[in-house]
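Heads up, the next two complexes both have chain A, just with different partners, chain B and then chain C.
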Partner chain A sequence: MGDAPRRALFPLGRSARLALTPYLFLLPSFVALAVVFFYPMLRAVVLSVYSNTVGGGLGQFVGLDQYGAVLSSAYFPRVLRTSVLWTAGNVVFVWGIGLATALMLDRRFPGRAIARALFILPWAIPYVAAALIWGWMFDYEFGVLNYLVRATGLSSQKINFLLACPDALISLTGVSIWKLFPLGTVMFLAGLQTIPAEYYDAAKVDGAGPLQSFWYITLPGLRNVSIMLTLLITIWTFGRAFTIIFLLTEGGPAGCTENIVIRSYLEAFKFFHIGTASAIGVIVLVISLVFSVAYLAFAHRKAEANG
Partner chain B sequence: MNSNLLRPLVQAIFVVFPALASAADISWPSFMWGEPNNAPVMKLLQEKFEQENPGSSVKAVTVPLAVFWDKQFADVASGNSPDVVTLFDPDVRAYIEADLLELLDSYLAAAGIAIDRLVPTERLAQKGGKTYAIPMQINARALFYNEKLLKDAGVAPPRNVEEMLAAIRKLRKPDAQQFGYATISKPGAANLVYIEIMPIVVGFGGGFFKDGKPSANAPETIAALRFIKTLYDDQLIPRGMDTQTYRQLFVQGKVGMYATGSFFASVVATGDKETYANLRAEPLPLPSGRTMSITAFLAVPKAAKNKDLAAKLLMRLLKDDMQAAIVTMGKTHPGRLGVIPASFVQENPWFRAFEQATLTARSYAPEGAEQYGNEIVKIVAEHVEAMLFNGVSAEETGATLQKALADFVATKKK
Partner chain C sequence: MVERRTVRRFAWKVAFYASLLVLLAAVVFPFYWMVKTSMDTGAGLFAYPPRFLPTSYALDGYTQVVKQTAVGQWLWNSLIVATGSTVLALVAGVSGAYGLSRFRYRGKGTLALVVLTTQMMPPLVLIIPIYTIFIGLGLNDTLLGVALGNFAFSLPVVMWMMKAIFDSIPIEIEEAARVDGASWPYILVHVTLPIALPGLVATGIFTFLNGWDEFMFARTIVSSADKWVGTVGLASFIGAYVTAWDQILAAATIFTFPPVVLFLLVQKHFIAGLGAGAVKG
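After this line comes the complex of A and B, so read on.
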């Protein structure tokens, strides 16, 4: 037996086996992705062209009728507007606060490492925990924010953080920004470290002040990071804006914080309209895909530019 | 494969796919397994059923209420139905219309249970004279009050709207964070908003649907909305608080009156002995003399694996001993009429208000449009929220809501 030549498991030549090896390593990930990602996505597309049905199996084939019904519905412009406002608020403030904190944390000062860790903290807190904490802080009767507002004399009246429109949308966007700005900080900090110190020295020699240095050196130096961050936050906040809103207001008051993702959930689980919910999901997917393609194109271009 | 490895693997498979464990396992996932009033009743049923049906077992799966409805729907929609489903008023209609439930008439006949001996809201579980679900319990709304708080404030239990509003005002003590009444004042969960306002709306003689037609602009409905808006605008109820929190305030003796179902007595009993000792109930002192109810129905899905056994379990629940247990242990009105033990009412006189309310209570599902209940609930809740939180008047709310409901009905007629 020891002298017998070993039979290859696959009747392939060595070069073919070598060529296949990387794909075999990728196979487990591909299978996992296919099961938990591609199949549900494909299933949503299929369900979106069938009528709403509660039981297992598909309803009646209706083509693009579900899309027509969603796009012409009274709620669609409202929920889309809320999604756009939510996304825009997140992008602008995560960018702004992220940049401001990164500039601050880029300077040398005692306790900088601790300060950096503290600024990252919101990012590490799970969404559900963050929503519950903020829910108590926003509470009208017993919340600490209303207590502080009155104790510091900022207002004699309590603030309806989650009980009025647009206050609720502003409050929820604030929570989301608080959760996400550390990502901006980290990305900008990394970006700041790629700008050569000589540029600032040369600018100083030329008589440039801090504002001019910021405008002509820092901002252009962070251009790539800014574009990446904007696209990432757009993709994340547009298509995945669910947990905070659902836990704090469930789309209320009076639909004020109901965005396209929450509507999809309501259609599926509250109204039992699986087809309609799938059509909304596919619409979200298409919109997110536009930004994803832009992101990938930009990342590809950047990789090519870096050789 | 090594047998040492094989055994845990097989065990793990049975844990992950419990249906494989035994063909006679009745799967009954429910939030009620975790509720202080319902859990003892359900465990008693489980015990009795397993004793009487050797080889069969009832699998008690506690699913938190927060995710229960979504999970149940996902299970049924994906063809992975449990053997017993729990459905409230609008859902039972939606499931029947979608042809998801098994007929129970033959089981009811075999058990000798006549439909007219079940609570009136049983009609929701019927279509074309056939029965698809049985009522486990009905929670008609009446007014719970804390006798001590009312006495301390020099207030008698109210007998009409004016007295009720006056009592609520007198009981309000902002410094002590004490409220005369509590009802929904937090946006979001449409179902909760709707369920909490409906006793008042029905109490005023109003409603959002009558005979399948919108009735949001009826004078009685607008009067009810005006009453609710007054409570909120005058800060007479806790603001921005969810149901669980203000129920706790009642338990802690911080709320004087609260309209809800009799199940709440169990919550008070386990929460605070002193408040329970002072717990009283009266019918809602509102003009129509009627109230609203929620019925918890149980049904067997068509796709259930143990349909016959599950149906027998439901019939077992309708027997005298279990009906009495629902009252004495669960402190709720069971699905059958005329089974309330006299001794229980003697010991718990507050229960009379609920027993009385059950006979005339209206289901919270929109009358004549029950199968669209959840969509209608969402539309109503949005308009009520706009009234409470965005300053819209009750009259305008009635008018815009009427139009929104009429538009909704039109889309269903297409």
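After this line comes the complex of A and C, so read on.
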């Protein structure tokens, strides 16, 4: 008799409760993801098929007109090109510098621990502080970089780091790479440590030089890390490049550093075109998704062909 | 023969150290320049050619910026936001990652991919609808709102990192406790998490630095100046008084100090923990 109320409270059998367990673990995080990612993204899709209004409410239903207007606009090819250049620059150099520094830190040498800490330091600095430091170093009149480029003979004239095209885009990409490459260092370092030392010993016995070892052992051993790093840097620098550009040039000079993210910011908070801004955001998501799926499919197919 | 090899080895060593030092100098120089400038006085600040060694160790920039701005308040707000979002993200993220790593159930692989897709949604477009939700909940212009936003923005990465760490812990360790009749939450807290502690610390630091670093969301959600976090406060220097670089960089140094110290204290664990996630993920 005493069991009856308990049974009413817990009507599920043991197996049913077991089946529910994983979902209970997932519940809090997925509720949070739904509130901050999925619902707002859905809302952005809805906003993008309505006309812009001043108040931020829904205007008239316009179907895909916002998309048509964005895609056929004069600025779209330009901001997309800037975003692609920015992303490609970041991926190539974060990958390259990350791998180079990881290979250095993987060797034993005195002071290795200090070198490792220093290489990863830029990762810990806040973006806003990084923007302020570099803004001062880029300064046309008093900036130290303009002194250095001339003292070292890299350039005979002062460089307009932030106020000329395409110099400004190159400068800002450089700052972004400086801030991001430690992620490559850390990931490649971890990857290098999973490659068994015996592989290198065996290659040495077979008469392989350092370059051959690198090409046939190190690079294939870093394959998974490399795929993950490339994917993350691509989607992050494509869809999230904001703070450095916003603070140092706000997309200028003459729209030269205006990428797709800055454009959607300007549409939303400067021109109050919420629908247009949302349409641009959805376009960013679609490009990222298509790229990720294609890239992962390509990477895995190649892995199968090789392995 | 032996001699040629020794020479080559020596040349190789010189090339290695030379490239190491050049790269290190390029990476560290901006930090040095920030601290050096923050201690300069007017003459040293705008000297040409620039003075590469500190011309003074004046703390005028620091005292001025502390007196004239609410930099202490900004730091305190950043601390609240970063700590709050870290605690929340670890609690929800660990539980979620455990659910993604253990058990067998329908849709498991899809859910892991769903977490990855959040990283492709541009935060900027999410902020407008979030802002509307926050107004409805009375969370706009509050530090709690900023902390909640940061918590959710960090959550996917926390789940991803912790899932990789849990994946690397063999399930057999848990099975003994399971046979003894322990519940899953008990096992997670008392058996698995202690093993995953280095990874958990790394993930926590990662989240804390994210919260300390976040700018766009805080700038949109918060309007009153007494609730500015450090990033918003620092950004307000841009265009405001452009020539007082010693003060601006003093503020930047103060704001950079906590994350850098935190990072240097735990960098060894951090690299190991993040690395584990990277290799598995």
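Everything that follows uses one rule, which is that the second predicted complex is superposed on the first by the 272 of 307 C-alpha atoms of A that agree within 3 Å, B and C clash if a C-alpha of one lies under 4 Å from a C-alpha of the other, contacts with A are read in each partner's own complex, and residues count from 1 in each chain.
Note that in this section a contact is a pair of C-beta atoms (placed from the backbone, for glycine too) under 8 Å apart; a residue touches a chain by one contact, two chains touch by 3 or more.
Remember, predicted model here, so these are calculated numbers, not experimental data.
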A:L266 touches, of chain B and chain C: first, second, both or neither? first
Which superposed partner A:V186 touches (first chain B, second chain C, both, neither): second
Touching partner for A:C165 - first (chain B), second (chain C), both, neither: first
Partner chain in contact with A:G251 - chain B first, chain C second, else both or neither: first
Which superposed partner A:P126 touches (first chain B, second chain C, both, neither): second
First (chain B), second (chain C), both or neither touched by A:Y140: first
Partner chain in contact with A:I274 - chain B first, chain C second, else both or neither: both
Partner chain(s) touched by A:T53 [first = chain B, second = chain C, both, neither]: first
If touched residues of chain A are counted for chain B and for chain C, the larger one: C
Touched partner set for A:S29, first chain B, second chain C, both or neither: second
Contact residues of chain A, present in both the chain B and the chain C interface: 56, 142, 274
Contacting residues of chain B [partner chain A, same complex]: 69-70, 73-74, 76-79, 94-95, 98-100, 177, 185-191, 238-241, 302-303, 374-375, 378, 381-383, 385-386, 388-390, 407
Residue numbers on chain A that touch chain B, as the complex places them: 53-57, 74, 138-142, 160, 162-165, 168, 248-256, 266, 269-272, 274
Interfacial residue positions of chain C with respect to chain A in the complex: 16-17, 19-20, 23-24, 27-28, 30-31, 33-34, 37, 45-46, 48-50, 91-93, 95-100, 102-103, 105, 108, 111, 114-130, 132-133, 149, 151-153, 155-156, 159, 184, 209, 212-213, 215-216, 230-231, 234-235, 237-238, 245, 248-249, 252, 255-256, 259-260, 262-264, 267-268, 271-272, 274-276, 278-279, 281
Residues of chain A that touch chain C when the two form their complex: 19, 21-26, 28-30, 32-33, 35-41, 43-44, 47, 56, 97, 100-101, 104, 107, 109, 113, 115-137, 142, 144, 147, 151, 178, 186-187, 189-191, 193-194, 224-225, 228-229, 232, 235-236, 239-240, 242-243, 246-247, 261, 264-265, 268, 274, 277-278, 280-282, 284-285, 288-289, 292
